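In the two complexes that follow, chain A is the common piece, with chain B as its partner first and chain C second.
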Partner chain A sequence: MFLTKLALRNLTRHKKRTVITSLVISLGIFIFLVSDSLMVGLSDMSLDNNVDLQTAHLQIMEEKYWEKKDEMPLDNLLKEDNKIIKEISNNPQVKAYTPRLYFTATINNGREDYPIKAIGINTEKDVEVIKLDEYILEGEMLQEGKFAIIGKGLAELMDFRVNDYITLLFKTKEGTYNTIDAKLIGLLDTPHPNINKQNVYIPLSLAQNSLNTGDKVSRFLFNLETREQSIPIAEQFNRRFSQNELSLKAYNWEKLSYEMLAMLKQGNIENLVMLFIIIILATAGVINTVILSALERLEEIGMMKALGLRAREIVYIFVIEAAGIGIIGSTIGVILGGVGVYLLKEVGISLSMMTGGETTFGIPIAERIYGGWNPETFFFIFIFGILVSVLASILPARWGAKKDPVKALYHK
Partner chain B sequence: MKKIIFLLILILITFNTAISAITAEEVIMQRDENEYVKSARVEATMIINNSGRELEKKMISLSEGDKALIEFTNPMDRGTKYLKREDNLWMFFPDAEDVVKLSGHMLEQGMMGSDFSYQDMMESEKLIDLYNFEIIAEEKYHDRPCYMIEAIKEEGAEVSYYRRVSWIDKERFIGLKEEMYAESGKLLKEIVVEETKKIEGRWYPIRTVMENMLRKDTWTAFIIDSIEFNPDIPEGTFSLESLQ
Partner chain C sequence: MSLLKLKNVEKVYHQGKIDVPAIRGISLEIEKGEFTTIFGPSGSGKTTLLNIIGCLDKPTDGEIYYEAEKKLSTLTKNELSNFRRYNLGFIFQGHNLIPVLTAFENVEFAIRIIDGISKKERREKVLDILNSVGLEGLEDRRPNELSGGQKQRVAIARALVKNPKLVLADEPTANLDSENSQEVLNIMLKMNKKLGTTFIFSTHDPQVMEYAKRLIEIRDGKVTHDEQGENLDVPH
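Our next item is the complex of A and B:
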């Protein structure tokens, strides 16, 4: 107990040094917590946006279509009036489903053209699965007829306003050029930048007629009661398909967001790198402090040894001192981090401010990122901060404790 | 006697009709035959106009049957090469030092930023099997008597343009103008032959202008500076190795 008291008193004897070392640790912890919060927020928001606005909970398509889905081909399509889809949609977990027809096209304003992703949607059913109607910035939601809605980013780029006519140029199933002149009746402003910049929505029937695909669609999108159910339900659907010897397959949102998840994983690796930097920062700070205090107190160490203290006990004093610094640093870091994360969660941070407004690096988030809250990280980093300073103190403490008492006393 | 005169008149009328009733397919075949080159070495200039900004590109092309090698010679694009073999197209960029095969959507892009898409350049002379032709009018175009021929895609045929309307010189069998339409009826592209020349006994388009009708203020002129028919083409000219 005496040794612990002595160690803690040492902390207050060199206030400046204690404060500076603690601050180094707390700064590292703060940066880690804030960046972790950003990553969690980014990941949650990206997934939410992607699921809510692009993938839905589950999709059904031909297996061969899946392999080439990024090219949005016009072969391996499904019948719109599909018996098996109707049957499986009776599952009580299925809230709603909708057919979609995806194709590539260029949008034209009479002066220039721009490649886009065109999507034929069922004007009644689609809003039950993908709530695009909630993001209409101007005009109205898509209706049947020669109408289209596009994102505001694309509208700005091509200088389109509501009630203008857009021309879509694309190739039909047979590779023959065709065009659609459609009246722009609505502008979308979604939190998903790709939708704002790339997508053009037209009624499914208009797409089918212009592409000569008959009553075919590319995929069916499903909304379930909860996102978590998508894995077991997809498995259930797939069993049903294989029982009926169909080449259809259900893909859950995780599979559909594969690329994005890979990108987010990359983000987690970056977080590990950040953690590593913090370890180095904190270790250097703690080693420095312990060596300095050992050097300054060589005489004291000699005296303590002369009084009969063993090397182990001297190491103990230094380790406790370092643990004290760790606790102070971690506490300050966690408090600062808490404030930072709270601000991130409530106020958010403007992505365009961070990137200069030009790009979001393919992250499906428009404008503001809000931080995520991860209590486990707080607990982990608090313990981690203390552990790092304790471990970092052991070696220099042993170095100090090994000094010969006579030489140590003679030091002055 | 009356019967004989009647028969003679009938024969004369039938004979006359038979002479003038050249079918649309025959016109197209004659044009193709006239414009078909077994092998040639062409030096040409491409002028790309985009909203008043003009870019000039020079090239040398060697062709033999359905094979062609184009090399750009103007300073900006010097060394850029294209190789066409049957339905395949490869490109070599000296900066990237790599050969790229163009396929899919890439073929719909304009060649070197021009209004000629790669696909337009690739389209070979198989059109006669893919379209139904019909002479819809006989009229003068720039003082030349022409057949106005409409081509509508055969059902199920895989072609880029649904409908084409061509003005073909009745005497010289050379296409003077062509309009290409989408299935919706929208005019997409227009090619106009602004200058023709008699070379080695046949009329040949010398200055052709392509306009993308969906874009404003852009056109591309393709001008043949010199043409040599049946030149000596070294073996291996149309190999992938010759691209690098």
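Our next item is the complex of A and C:
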């Protein structure tokens, strides 16, 4: 107890040094907490946007189509009026489902072409699964007929306005070129930048007729009661398909978002890098402080040894001092981090400000990123800051404590 | 029975390939309650001898016996720490007080590390010894609030509070003016008489030597003169 009291009093010897070392730890903790909050926010928002506007909770397609789905091929399609799909959609967990036909095309404004992702959607059913109607910026939601809606990013790029005619150029199922001239009746402004810049939505019937696919579609998109149900429901559907010897397969939102999840995992690696930076900062700061303290207190160490203090008791004094620095640094860091995370959560940060508005690096967030709140991280990093300080102090403390008492007493 | 017995003690320092002898075969006996001064020119080996007696340094050769039976030269580092903790008091040239502790706490330090002393007993011992060295009322002052003489008195109190049988003082008055030196020496003499504590000093100050009841002169690591009594021939 006495040695603990002495160690804590020692923190007041060089207040500036204690404060600076603590602030170094605080800075590391603050950066980690803000970075973690951004990653949590980024992850939550990205997944929400991707599921709500792109993948839905679950999709059903032919297994062979899945392998080439990124190319959006026109073979291995499904019948739109599909008996098994109707049957499984009676599952009480299924809220709604919709067919879609995906194909690649180029959009033309009379002067230039731009490659896009064209999607034929069922104008009645689709809004029950993907609520594009909530994001109409100008004009109206898609109707049956030779109409189209596109994102505002694409409209700006190609200089389209509502009521303009767009021309889509594409290859039909047989590989011959065809075009669709459709009237632009609505502009979308979604939080998903890819939808705003790449997607063109047309009625499913118009797509089927123009592509010569008959009554075929690429996939069925399902919305369930909750996102979490998608894994067991997909398994349940797949068992049903196997029993009926069908080559269909249900894919949950995680499988559908695997590229994005991989990218978010990359973000977790960045967090590990941040942790490593904190270790380096705290270790350097604490080692420096303990060595300086030991050097300044050599005579005192000699005196303590003469009084009969053992090396491990002297080590204890330095380690407790380092723990004190760790506690101060971690506390300040967690408080500052808390303020930072609160601001990130309430005000957010503009993605275009961060990236100069040029790119979103594939992140499915268009405007502001809002931080996420993760209390476990606060607890973890608080303990981590103290632990790193304590561990970093052990070696220099042992170095000081093992000094020969005579050399320590008469080092001058 | 002697308190301390040194038998052919030698200490050689190795400086690179050169061996530098600091103590050359010293044999000495110190009786309980002695007030002894070791003197000699700088580099004669008096501090080395004091460090060896104080178990801070180990002799290269020879034996040291404490109270006839304990052979100090064979003890491990931890055993030596324990020995110092319970049996020895040190007074250094620079008082070596801990600046963040009060006078009371600095003195208390020496017995906080000794098991079996209650808080009440500790408090009584510390206040008693602080009174004995004339620091009554200054218990709560930190070292930077005390004069040089007062600091050295705190250091004496710290050395004596555990009532050790032997106190070693390396040039205890070197940083003090004449008036403070005399005060400090009188206190040590008083404690020597009151508690029967054995004191061994190293010094080259004739004023200090005048207080001694035994004078041991060291030159080139050897005892060249050893005299005891009331009216010693103090070299000036």
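Here is the rule we use: the second predicted complex is superposed on the first by the 411 of 412 C-alpha atoms of A that agree within 3 Å, B and C clash if a C-alpha of one lies under 4 Å from a C-alpha of the other, contacts with A are read in each partner's own complex, and residues count from 1 in each chain.
In this text, a contact is a pair of C-beta atoms (placed from the backbone, for glycine too) under 8 Å apart; a residue touches a chain by one contact, two chains touch by 3 or more.
As the structure is a prediction and not an experimental result, all values here were calculated from the model.
Chemist: Just checking: does A:308 make contact with chain B only, chain C only, both, or neither of them? Give me first, second, both or neither.
Modeler: second
Chemist: Quick check for you: in the superposed arrangement, does A:104 touch first (chain B), second (chain C), both or neither?
Modeler: First partner only, chain B.
Chemist: Does chain B (first) or chain C (second) touch A:169, or do both, or does neither?
Modeler: The answer is first: A:169 touches chain B but not chain C.
Chemist: Who does A:180 touch here: chain B (first), chain C (second), both, or neither?
Modeler: A:180 contacts chain B only, not chain C.
Chemist: In the superposed arrangement, which partner chain does A:300 touch: chain B (first), chain C (second), both, or neither?
Modeler: In the superposed model, A:300 contacts chain C only, not chain B.
Chemist: In the complex formed with chain A, which residues of chain B make contact?
Modeler: 104-105, 108, 153, 156-162, 182-184, 186, 188, 214-217
Chemist: Which stretch or stretches of chain A touch chain B in the complex?
Modeler: Contact set of chain A toward chain B: 71, 104, 108, 110-113, 167, 169, 171-172, 174-181, 210, 212.
Chemist: With touch defined as at the start, can you tell me which chain C residues reach chain A in the complex?
Modeler: Counting only chain C, the residues touching chain A are 47, 51, 54, 56-57, 77-78, 81-86, 88, 90, 92, 94, 96, 98-101, 108-110, 112-113, 158.
Chemist: How about chain A: which of its residues touch chain C in the complex?
Modeler: Within the complex, chain A touches chain C at residues 2, 6, 9-10, 12-13, 299-300, 302-303, 305-311, 313, 405-406, 409-410.
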